[in-house]
Structures are given as C-alpha cells and as structure tokens.
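Order of writing sets the labels: A, B and C. Residues in every chain begin at 1.
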Amino acid sequence: MEISAAPSGTARSRTRRWMTGARRTQLFAYALVLPVVALIIGLVAYPFFFALWVAFTDRVVGGGGNWIGLDNFRYLAKTAIFTAAIRNTIIIVLATDILKFAIGLSLALLVTQRIPARGFFRSFLMLPWAMPAFVAFLTWRVLYQPIGGGLNLILTETGLYPHVIDWLGQRSTAMPSVIAASVWRGFPFWFISILAALQSIPKDLYEAARVDGANAWERFKMVTFPGIRHVVLITTLLSSIWTANAFEHVWLLTQGGPSDATMVFPVLAYFGMQTQRIGEAAAVSVAMLPIMAILVIIVTSAMQRDDD
Amino acid sequence: MDRKNTSPASLGRISRRGLLSSAAASGALIAGGGLLTRAGAQDFSGSKLTYWGGLIFADAANQLLVDTITAWGAANGVETEVVMINQNETVQKVSAAVEAGTMPDALDVGLDLLLLMSKQGVFVTLDDLYEKVGAAQGGWYEAVALATDTTSIAGGRTGLPFGVSGNLLLRRTDLLEEAGLVAPPETWDELVEQAALVTKSPVSGLGLALSNVGDGNVQCSIMQSFGGRIADDAGKKVTIKSEETRAYLAWLKDAWDKGVFPPGNATWDGAGDNQAYLSGQAAFIANTGSVGIAAQKDDPELFEVTGFSSLPAGPIGTISPITPQTRAIPATSGNQAAAMALLEFLSQPEFLSQYYSLAIYGPVLNDQKAFPAFDGSDAIHSGLLDLVENGTAPGWPDVFNTAFADAYSNFIVPKMAQRVVIDGWDAERAMNEAQEQAQAIYDKY
Amino acid sequence: MASLELSAVEKAYGSQKVIHGVSIDIADGEFVALVGPSGCGKSTLLRMIAGLETITEGDISIGGRRVNDLSPKDRDIAMVFQSYALYPHKSVADNMGYSLKLQRRPKAEIAQRVLEAAEILDLVPLLKRRPSQLSGGQRQRVAMGRAIVRDPDVFLFDEPLSNLDAKLRVAMRTEIKELHHRLKTTTVYVTHDQIEAMTMADRIVVMNHGLVEQTGTPLDLYDNPVNLFVAGFLGSPAMNLLPGRVVSDGTASFDVAGGGRIPLAGGRLPPPGTGQTLGIRPEHLALVPSDTPNAIALRVTVTEPTGSDTMIAARLNGTEIVIFHKDRINVAPGEELHVLPQPDQIHFFDPQTGRRHT
C-alpha cells in the first residue's frame, strides 16, 4: 500500500499513535474480561430484565405478549393465595433465620471448646448441608408421614403420644414442620460461618475482658458478638435470600398446602407456570423483589454502620 | 393420582417378553405392508422426524409405540427419534420447547394442553386426516369429537385423538366383603357410608386427593354431580356459589368428619393416591387404571381383590369426565408431511388394537369397540370402554373454554374443599372466596 | 497500691513443669521488670499474677492477701497487653470506661475518671475515636489508660512496647516511667528487651528456663552479675566472654583459649590453673597507645561508628573482642589496635556452673 507524502495526520499514523503500549494493555485487559461479562449479561442480566418486562405483559406460552402495565399485579393482589404467600415467605425466612442463628451459634461455641472429637463434630455437623436438597427433604417427607413415618412411629411405639399426627397435612403443624426440615438443612452454613468468625477473634480480647471484670455473658456481649456481627449480617442476608427463593423445601414437603398454609412465592410462581400464563408467573417472581430489596438495604446499612 | 401414570421419566424395566412381543407386533405390521409408502404419495425419505410420546404406566405399551415408530421410520427412509416424556412433565417440557423453538415434529398431547396451545397457533390443523380416519373406522365417538374440536379457537382441528382416559372407582373387594358389602356404591353418599364401614387404622376408606394436583380436581366432578357449576352456560359468569355447591360441601365435610380420608391427603402429590392404595392404606380410589396395571404386575394378590366400577353419581347424575389424548403436529415442524403420514399410520387398527391391550386407554372410534382389548375379559378395559360410551365430556356440564381450563389448573375447587376441611371455614365463606377467585380468572378472558 | 509476693510459685502443664519455684517480693510502689529470653516463663508468671493462668504450687499475695483462688476481677489488678486488646467496636472512652461500667458506677463518675486518665496520657482529643482510627502508639496509650482508670493495686505490663517501632519505643519508655513516678502504683513489667528493663525498672528479675537467675537493681545486676547468663544478657553490646585459664608465673595473666594473653593487674583472682571464662564489657576496654605497658594488641575487623561513639570488633588471635569507644575514631579494618582493660571491671566465671568468682 502506498504511503502518500501527506502530513502527519493520516488515519494510519493516527491509529498508531493512539495504540500506545498502555492502551494495548488496557484493550487486552478488556478482552480477557469480556467472556465473563458476556456470560453475566447473557445468563444473569438478560433473563432478569426479560422476566421483569414479561411481568408487565400478558404473555402466554407460545404467544407474544402485549404491555398491560400493572394488570398482572392487580390480579395477583386479588388472589387470596398471594397474600398468603407474602405472609408465609416472611414467616419462614424469619423463623428459619432465627433458629439457624441460635443453633449455629450454640454449636460453634461448643465446638471451640476443648471437647473430645472436635474435628469429627465439625465435619459431621456439615452433613445436612452437604447432601442434595431433594434427598434431604424427601427423607423428611417420609419421616413426617402419618402412617409408617419415623416421627409418628417414635411417638406411638414409645408411648410418648398415643395418636398419629399428620404433620404435613394439618394447618397447625404444616408450617412448623417445613421450618424444622429447612432449619435442619440450613444450619450448617450458619455454623461454619460463625465458627470461622469466632476463631478470628483474638484471644487476648477475652482476657482483657476478664481482667476488666466481665463474666461469661458480658464477655459474649462485649467480645464475641461484636466479633462475629459482620459475618452474622452477611450470613443473614445470604440465608434470607436463599430461603425466600427456595422452592424444594416447600414443594417436596407440602406443595404449598394444606390449603395455603405453606404457600411461598417460588411455589406460587411454579403453579403459575402450569397455567401457561407466563406474564402472571413472572409477576409473582417480580413481586418478591421489593421485599428482597428492603431486606438487602436493611442488612447492608447495618453493615455500613459497623464500618464507621 | 395423575390420569396417566406415575412411573419415573425413563424407559427402563422393559421385560424381555414385552420387548419380543412388541417387536413381533411391529414386525407384523411392517410385514403386513401396504401401509407404508403409497404409490403417488409424497416421498419423504432421507428426512428426520422427532416424536415425543406420552409415557404411561404400561411399559409394554410404551415400548410398542417406540418400536412401531422406529420401524415405520426405517421402512420409509425417515430417521426417527422417539422421546418418551413423563406426562406429569409434559406441560413444562412443551412450554419450554415452544419458547425455545425446539418443538418436535409430532407429539402426544392431552386435551387441556392442546386447547391452550392451539389458541396460540402452536399446532397445524389436520381436518383432512381427522375426517379420513373417522370415515375409515366407523366414525368418532361423539364425546370425543366434541371435546377435541378446536375449530373455534384455531380455525380447524389440531388434535388427532388416539385414546381416552378417565377415572374409574377402584375398591378393595376383600375389605368390603368382610363388612358385608358386595355391590359397588352407586352414589357418593353410599360411597362414604361404605368407606366409613371399612375405615380402621391403618386403612382409610376414601383415598381421594384433596390437594392441589390433578387428582384433586376429581372434586370438581363431584361438585358438578351435585349440581354445582363453575360458570354459566355461556362460560363467562362464575356460578360456584349456589345451593348445589353448598350441598356438595356438606357432603365433603361430613365425609371428613367421619374420618374416611387418609391422613395427609390434602398435601398429596400426583402419586399420593396410587401409593395409598398400593400400600393398602386406602379402600377406595379414583384412578385411570394405572394402579390396576401396577398391581397386576407387582402385587397380583392386590389385583385379585380390586374391583372396578364407574364413578358414583350425585343428585343430578354421574359426572365422569373423559380425557381424550391426542396427537398433534407443531407448526414449526420442518417435516409436516412425514408427521402427517406417521399420525395416519399410528391410527390404523392394526397398531391400535395391539396398543390398547397393553395400555390403559379407552377407544376413540366406534369400530374400535370390537377390538379384543374391549371384549369384556379385562375389568379395566371394560371400564374404560364404558367410560367412553357413558362418560361425560370434559368439563361438562360446564363449558370447557380456556377460562375453564385456567380455573381448573388453578385448582379452584380443591382449594375450596381445603378451606372447608383444613381451615374450618363455613361453606358460605369458602364459596365466596372460590367465587371471587374464579371470577378474577374468568375476567381475564 | 499494694505489695506483691510470689512464694515458691510453680507452674506445670500436665507433667511439663515450666516454672520451677519462683519467689519474688515486690514492695508497694516498686517498678519491677521481669526480663529474660523467649520461653523463660516471664509471661506465664505475669499471667499467673493476673489470674489468667492457674497456680500449680506456691502462693501469690497482693497486699498481704492470698489471691490464688480469686478471679482476675477480684484481684484488683489491671493489665496492658502486648497487642493492646482494645475492644474494636467501642470508642476510646468506652474502652477505658468498660471496667467501671461493669461495676455499675454512675455515668458521671466514669466520665470523670476517664477524662482524668485521658489527660494524663494526652488522649483527650481521641476519646471519641475507634481503635482502628488510631496509630500504634496511641493504641498503646489507650490500653494504659484503660488500666489507669481502674486505679488498681498492681499494674501488669506484658511486653507492651514490642509491637512499636524503635523510635516510638524510646518515647513510650519515657512516658511509662513518668507515669510510674506520677501514680506510684506497684508495677510488674515483662519484657525481653534488656534496655527497657535497665532504663525503667527499680529492680530487675532475670529469668531463664522457669527459674530466677538474679534479682536486684539494674546497676547492681549490670556491675555484679552472679552468673554467665546474667552477665551476657544485660548490657548492649554484650559483655565479652573469653574462655581460657589464669596463669601465674611472676605476674598474673590470663591465657585466652584462642590465643593471646591478657595481663591481670591484681585484685581477687580465681586459683590459677583452672579453666575460667573472663568477662569484660566492651566499654571497659580503653584504647591506648601501642607503647603502653600491659596493653593488648588486637587487629580490627569491623568498625561501626554511630556518630557519638564507635563500636569496634577486633581479633585477639582467634577470639573476637568487641570494644565500645565513647568517641569517634579513625581506624580501618586490618589495622592494629591496643587496648587496656579496666582491672576492677574484669569478671571471672566458672565455665561449668556459670557462677562468678567473688
């Protein structure tokens, strides 16, 4: 290619000037990051925004979908089961968080003492979390069975309680049963997180507190709890989001029943899919977002306060 | 209990005998010749065809279908791929395939899904084929013809019926005989009485599901047999709240208080009632016959003491809906000619006669009555034939429009039932809620 | 303020004995440094005084009161930890006032006492800050402030300056000493740094392997170490320790094992013929002209001028000797140098027992 005797402002020389070493490194960096960004956009951002959009349309499977504004939400608000889903989701999240925290903390405190077979307990206590979710919950379902289920067998055979209890089929026991199974499954995450946080607290803080005159409870308030607070906040956030989004624990045990006693958002969305009305189903999922957002804001602002 | 089957989504456990017999059958079909390529017909050799079959409880029937299609493909030079899908998962799989544009060339599809999808124009019309097959085999059963008419929503017929399922009442004749009962119950009230007589731990008389699954919708039929209606004759205004519905709810409450329902039936999944019966915990269930087949295979003793009858009647009569199964061709198929030919092939009596004896469907064409499967020697098949001849169209007396299908898949009636027995609501309140919810659904259409 | 008595105190972990019978009497208001190499047991001893470790044998008494079975808070002691151990999520004021808060003191009293301590330690502008916002030196002062607020009978310091840089260490040493002058609280100060001990303490307790080697005033230990360990431990640069033997053929002198001879000008000498270790501090070797009688010739290997003085490493035949010259000097490696030891500063130690000949 001829290079004409032109002044220095030719395109090629301009490009050469622009592509300095620093720029080359920058472009290379972008190129390396590009695949991941593409993945995130494709697998996370796009489905998210698409679902968000669909929630405001009347789309059905195979059909287009015209914008209908808030009609889906208005319809949902009229269904009794929607309000039940809101209530139940909040109850499950709160109850499981509190119980998992209590159990996780107690076990973590226990394991940091010099009890025999510490290492064994540490791994053993992780098992409920390590097994596949559906195995865990199907097993619980069998345990809860009225006829021949483990729990009822224990109650009746040992004479603790003479009658069979339909754990999953009665409104009064359905939610507690789901909560119990969910807590059993999820406490190891809390346990291991709190344990790690506990072990990072410097020992001499406890000694300083002892010298200052603090008893065990005061030491807990002054040293232990503040030391794990950050981790507890993050764990709460993650666990709440996971529990609110969890499908299998309710589905495998009660499918949201009996009646609407244990109906939660993910199960409701699934049922919505069965009617093929994608717009409504998406609206159910989107309806969860404000609640999740509030939760995230509360926790992150609590964490922020910590840092100041 | 789901109408079709409860086995896992896999082909497995094909008995050797079943394999040989179905291979022999398809071989015979092919050897019979004359059914494959016809002179002057379109030649689609070298093409590909994907078929989604509905997996039912009878392995032998599933295998026969697979083998027959494969053999047809081989004889016609078409590369076939047959995928058997658990019918509890069809809705999800089809929805996903429609959205992703990966629908097969032809598939088995139940009535509700056919209606919903046809409205979206997912399937092609096949009126010519429908007429042809009907003319060749004595005409379609009226109930079947009416139920599968998609002309108003899709401009033509989109589904080619091939079998009918519905619910029969199964009962433990041994337990009932012990209580001095021999004849099957004629009415729902009689059913509760008989169930109460044999309810003694661990047996509960009445294994009807009250949960939010397909089986729970039997409650809708019961309600209708008491005269209750989801909507009016125009299919627009919801009429759940009525004296007739109140009567139904009273019957239900009474049955519940008598303790005839097995514990946990308000949270059963699709297999709950099957499991209850097969494990001896229920004396009565409503089922298509898959339980019968399971018993026949795995628990012959139980099969011996199982009696089949039609569903009991309510004050205004028997509501025993039939559910036609159809085959359809997606509009996105690239090989519609081959698919049409295959569908026609699968409607031939040679295949269907064999298939019916292995499956749990009732006939769809008048001439099929004469098949050996329905000669009366098998209680299940006789029951299915009876169902086709005397059963009611799906949704009848309600109009089975898309609003009805929506309300149906929202489990309006089972939820109302749960309100009464689980939450202890009085009938008034439960009906009000069901009325409101259903109207909200109907208003969408 | 109170006296502190350790009486035959022992500590064992299972069958492993780490402190073998330590007895120390500390008078009311005294500043005693526990000094020794790592692992000698000084920190363990301190923690036993605090009540953070159990006492296996022996007694510890504070103000005449036996405290073996009392918990830390009942012993009226305050401790300053090596890593400060400040409560990270509380302000400086809250950190300092925590012990009083536990005692349910009225808020006004707590604020008052915290302010007083803060004024002493120059912490007033920092009262509202969190530990993470403070420098190392500031944190150390807060830790001390926390101890001061309690107004205890005994202060216990566990190597408080180890985590600070050299310059800050020097400044803090002075501050701690000033503090002690002002408050006059009995103080036990653990350190591995002998300079800290020398400069700050009224008395020093040198420990090694769980035993007390020597107790005494700093200068006492410096001038009259009872054994090789104490002699080599205190003083920087360390005392020159030369193995050899005393010989007496006319005049007394010392044959260094590595070669060379050091004339001895009288004074109390150990019996000639036996093996001895001769000890002389680097600053007690005077540089003299080469023609001085009895001068020892050395060859310079390294010189380290510090600006105000010079440390010279030299060789006497095979043995290295360190000289500390309190002035500048222009001498290069390889050159010959002559030194004369101060006769009354020569010590002799038995190589087997380590004890000094008196």
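In this section, a residue touches a chain if its C-beta (ideal position, glycine included) is under 8 Å from a C-beta of that chain, and two chains touch if they have at least 3 such contacts.
Keep in mind that what you see is a predicted model, and the values were worked out from it rather than measured.
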Chain centroid nearest the full-protein CA centroid: A
Chain-chain pair with the highest tally of contacting C-beta pairs: A-B
Separation of mean Cα positions, subunit B and subunit A [Å, integer]: 38
Whole-Å gap separating subunit A and subunit C, where each centre is the average of the chain's CA atoms: 57
Subunit B and subunit C: spacing of chain centres that average the CA atoms, whole Å: 93
Touch list for subunit A against partner subunit B, complex: 60-63, 75, 78-81, 145-148, 164, 166, 168-171, 174, 253-261, 271, 273-278
Contact footprint of subunit C on subunit A as seen in their complex: 202, 204-205, 207-214, 218, 222-223, 226-227, 229, 306
Of subunit C, residues touching subunit A in the complex: 50-52, 71-73, 77-79, 81-83, 85-89, 98-99, 102-103, 146, 150
Residue ranges of subunit B touching subunit A (in the complex, touch as defined): 91-92, 94-95, 98-99, 116-117, 119-122, 201-202, 211-213, 262-267, 269, 281, 406, 409-410, 415, 418-419, 422-423, 433, 436-437, 440, 444
